[in-house]
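Two complexes are shown next, each including chain A; its partner changes from chain B in the first to chain C in the second.
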Partner chain A sequence: MALLEIKNLHTRIAEDGTEILRGVDLTVNAGEVHAIMGPNGSGKSTLSYVLAGKENYEVTEGEVLFNGENILEMGPDERAMAGMFLAFQYPIEIPGVATITFLKAALNSQRKARGLDELPTPDFMKLVREKAKQMNITSDMLKRPLNVGFSGGEKKRSEILQMALLEPTLCVLDETDSGLDIDALKVVSNGVNALRSPERAMIVITHYQRLLDHIVPDIVHVLSAGKIVKTGGPDLALELEKNGYADYIGEAA
Partner chain B sequence: MPAVQETVDRVREIDVEQYKYGFVTNIESDKAPKGLNEDIIRFISAKKGELEWMLETRLDAYRRWLTMEEPDWARVSYPKIDFNDLYYYSAPKKSGYGLKGLDEVDPELLATYEKLGIPLREQEILAGVEPKNRVAVDAVFDSVSVITTFKEGLAKAGVIFCSISEALREHPDLVKKYLGSVVPISDNFYATLNSAVFSDGSFVYVPEGVRCPMELSTYFRINEQNTGQFERTLIVAEKGAYVSYLEGCTAPQRDESQLHAAVVELVAMEDAEIKYSTVQNWYPGDADGRGGIYNFVTKRGDCRGVRSKISWTQVETGSAITWKYPSCILRGDDSRGEFYSVAISNCHQQIDSGTKMIHLGKNTSSRIISKGISAGKSQNTYRGLVSAHRKASNARNFTQCDNLLIGQDCGAHTVPYIESKNASAVFEHEATTSKISDDQMFYCLQRGLSEEEAVALVVNGFVRDIIQQLPMEFAVESQKLISISLEGSVG
Partner chain C sequence: MTADNTALSTAAERALIEQYEAASTGDAVKLMREKAIAGFRSRGLPNRRVEEWKYTDLRRGMNEALPIAEMPAAAEAKAAVDTVAGFGDMAGARIVFVNGLYAPELSEISGVEGLTIRSLAATLAKSRPQGLGELAASLTDSALDLNTAFMRDGALIDVAAGAEIEKPVEILHVAAGEPAATYTRHVVRVGEGAKVCFSEVYSGKGHYQTNTAIEFSAAKGAEVSWIKLQNESREAQHLSTLLSRLDGEVGFDHFIFNSGAHLSRTQTFLRFDGEGSRAELRSAMLITEEQHCDVTLVVDHAVPNCESREFCKSVIDGAAKGVFQGRINVFPHAQKTDGRMVSQALFLSESVEMAYKPELEIFADDVQCAHGATSGQIDEDLLFYLRARGIPEAEARTLLVLAFLSEVIEEIGDEQVVETLEERTRTWLGY
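Up next is the complex of A and B:
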């Protein structure tokens, strides 16, 4: 059974009815890393939000099966409990809530859903310190309010730290490379690569080949005007880097 | 941090609309007949074995009260109160004046405080808790003080901590010197009523140079139906003294509203400091706005000496209607007043609360941080006055009022009044209003938090600065309370 199966997914913006996804088909197996590339406005971020269950989108057709279960009726928190994680392109600020506080609340909430006890504080601290170190995150940063005043790089590293702590089975990374300099890109990519495993799949959404130099995908898709118009191996990304998306924009329309 | 998780557990344990402290104690009580007249006042005064001057003061207040009008300028609305339809005195039969120790207190009463989590048995408190965390408690049930703990230990340090009734008997001159010196008997409608009929409350006296060795706390409980609670608290810190005092309050769940009209007076002499914290959790009424406490309270501190300091911290989650403005008179040069407030309203609660900082002395400073959180159909108003007298050179104030709205049907209002008669005074005011954004909710949910956990987390973040002002144990308690009172505000 595939970990994730998207069948003929159509969605529109709930507020104004604008159609964004126009029949997406995608199958992701455990252990695979898929890259989704495409021009601005092709629906990449929408796809990530619809998978995570953001309310502003309406699914008009199609289905999404996660571990064989239709998740479209599930709330975002239930999907998270089921093992879905979205690394946000623009992580949200939560003033007054220390990053460490947020991490603990999230981890314990998920542990409870899985029938595990809350992690005792000393064990939690040990775990966080270990994972934070890999992401170059200082204990000072863990005390700061979540994402408030974080630099672009800090925000993205914090996202990957959360991913490492929560150990999801499906990681959706929405333009994780945007706003990163080359050093930060390496740290983030190393963090992501450390999480690659036979049980876990990843969907990496990006405009640029440069992220895929570090996180090498198994399969590359081109999303254009709300549809996957081409699927290939890592070479496809290189070809896009050279020729741009011009060929595909026409094809979808 | 663990408080967040605990909070969430607590929220889950409790059904929506279930006010945890809503139980009633079945206890025989000694009541004065309903209604208010001079005979009732004589009755209360006689019950307490008061001296003639106190009775005269009460009667004077009553006569003035008869000529006063109930204030209507606050942004709250409620049916007119029939002051003759209330009981003004109700005491559990076996308690208070004349009791030798806990053994003589009605076991039902002890059980009530146990249920509320208020420790009254000193040896038990001592057994389980580190000495530094000891808190001396004065427990007030309806109209009388039931028991005051750790009195002897405090007396060794020279600190007087007892019920105001006892203080009127044991230390009449001290009480006479300060009572009504901060809130005069004709101050306002409710304060004047209180001056006439106050039944009990706490008295604290910290002598010169003494740092009170433990937190002091009073726990107020209204049990009887149709009974007004009129407590009176007086705290005096002499030169160089320090005291931290906390009050907590609960009441049973009843369909009719109950009146609570307290007066609190604080006096800080030269270099003295008083820290007064309140965790107010009176019954707020049900989801349709039936019942709940009317909390009409006058609290004022007088920074009488130079370099004295008074700090008010309040966490207001209960009451159907709150009318309350803990204030500071900054009389001494270089004195300082602080007001930190979290006011949460849900369902049909109405809050009109804030502070007054009256700068009279030179180089006086004050700081006001108010955080209002409105949910349901509630209305939440901050009303504050900052004034500088002609002689208050270099007075400084900083005011920050932040409001957080949850849902579509609630309201938040900020009404600041500023009066400056001295050109060198500098007053700053900042105000913000925000909502918990859909993006914040989605982000939290995506990490696996439930909606209620997410709201609790964001709100606790919003009020963090204030909660940090509370003594540690109460800070944790407050975080839980905040989450519980916002229960059912999402979805």
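Up next is the complex of A and C:
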């Protein structure tokens, strides 16, 4: 059974009815890394939000099966507990909630959902410190309110730290490379690569081939005007970098 | 004496007058009481035509005068106090009032150097306590008049000059459950350069009425922090008046946490009487269902070079109504005054109401005064982010409400107090 199966997914923006996804089909198996590339406005971020359960979008047709179960009726928290993780393109700032408090609440909620006991604080601290070190996140950052005053790179590193801590089975990375300098890109990529495993799949959404030098995908898709218009191997990304999306924009329209 | 009862249009008002006449105590402050009841007789209960009470119409809200409360049996009093969680065991001294009356066997008032606590009732039997009525004389207010007319007991607290009282002094008020009215009056005087923290707690069961007033003065260089926790029963009425006067170079940090009572009004009057003083008046209210909560602050900058901050955070759910009134008066010659007030409200339902009335009256020309207000709902994007990490919706909302309040609560600094208040917030949210 595939880990994720998206079948003929159509969505529109709830507020104004604008159609974004117009029949996306995608199958992701455990252990695979898929890259989704595409021009601005093709629906990449929408796809990530719809997978995570953001309420601003309406699914008009199709289904999304995660571990064989239709998740479209599930809330974002239930999806996360089922093993879904979205690394946000723009991580949200939450003043008043310390990063460490947030991490603890998230981890313990997920443990509870899996029938495990809450992690005792010393064990939790040890775990977080260890994972934070790998992501170059200082204990000072952990004490600060979540994402408040974090640089672009710090926000993205914090997203990957959360991913490492929560150990999801499907990681959706939405333009994780945007706003990163070369060094930060390496730290983030290493963090992501460390999480690659036969049980876990990843969907990496990006504009640029650059990220895919670091996180090498098994399969590359081109999303254009709300549909996947081309699927290939890692070479497809190189071709796109050279020729741009011009060839595919026409195809979808 | 033929009384002019024309201002008294409701049954509650007439009943209050009858109660007063029936009680007719002959103690040391008889004259003060007579004057207060005459004031009440001429004005009646505050109503919407009284500007200061515009958003809290007590004439409509208070439709009965409950009998004056009596002390319950010792075991019952102890049981009532035992169920109340103040700030745990952190208090150094503790004076307990059950149904508005001093309960010596449940209190611990001696043994702290530099601190003197006496019962008002015991003193009143003999003489007029020093300071009683001094600050009250400057205010025309019916809630305060009723307190003066009916005051039964209270704490007379003196902190000696230079004393540093390490642990908080707790003033605990517990209503034991009878439908009755309590009137407590405290006089708190902090000496020169003294340092002290007070925690003032209200709690109870069932249907009752609390009317409490405090006259508080701080001498030069005193550092006082004060936390008031109003956690009355949801059927109770809570009226409280704090009259405070600060001498020069005083630091005063006041925090009010309102979550109880069907109807509450917490009014604070603060007067700067010496230069170089600073006061922070922060408050948090958490209300739901049909609760009505009024926080009113009046700051008088009577001298130059003082700084005041008023910061009110409100979390309102159900069909509750919050009121925040802040007034800053800058007297002529009170130059270099720095006064600011901010009100921020978080609405958890669509049927809530919040009234915000800022007033700045400035008669000096070299001052800084400002006010601002915001209100909003829980940000859906924040909620989505938390839920996308597996935090269930109810818990995510709790985290966001705590985050909203953290700015006023964490300023308190004392970790145990912060934790207690956060715990209360979680309980209030049903989490």
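The rule is short, and it goes like this: the second predicted complex is superposed on the first by the 253 of 253 C-alpha atoms of A that agree within 3 Å, B and C clash if a C-alpha of one lies under 4 Å from a C-alpha of the other, contacts with A are read in each partner's own complex, and residues count from 1 in each chain.
Rule of thumb we're sticking to: a residue touches a chain if its C-beta (ideal position, glycine included) is under 8 Å from a C-beta of that chain, and two chains touch if they have at least 3 such contacts.
Worth saying up front: this structure is predicted, and the values here are computed from it rather than measured.
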item	value
Contacts of A:A106 with chain B and chain C, given as first, second, both or neither	both
If touched residues of chain A are counted for chain B and for chain C, the larger one	B
Contacts of A:L223 with chain B and chain C, given as first, second, both or neither	neither
Chain B versus chain C as contact partner of A:E118, first or second or both or neither	first
Which superposed partner A:Q162 touches (first chain B, second chain C, both, neither)	both
Which superposed partner A:K54 touches (first chain B, second chain C, both, neither)	both
Overlap of chain C and chain B interfaces on chain A (superposed complexes)	52-55, 75-77, 79-81, 85-86, 88, 91-92, 94-97, 101-102, 105-106, 109-110, 113, 145, 162, 166
Contact footprint of chain B on chain A as seen in their complex	52-56, 75-77, 79-81, 85-86, 88, 91-98, 100-102, 104-106, 108-110, 113, 118, 121, 145, 162, 166
List of chain C residues in touch with chain A within their complex	380-382, 384-393, 395-396, 399-400, 402-407
Complex interface listing, chain B residues touching chain A	1-2, 4-5, 8, 437-440, 442-451, 453, 457-458, 460-465
List of chain A residues in touch with chain C within their complex	52-55, 75-77, 79-81, 85-86, 88, 91-92, 94-97, 101-102, 105-106, 109-110, 113, 145, 162, 166
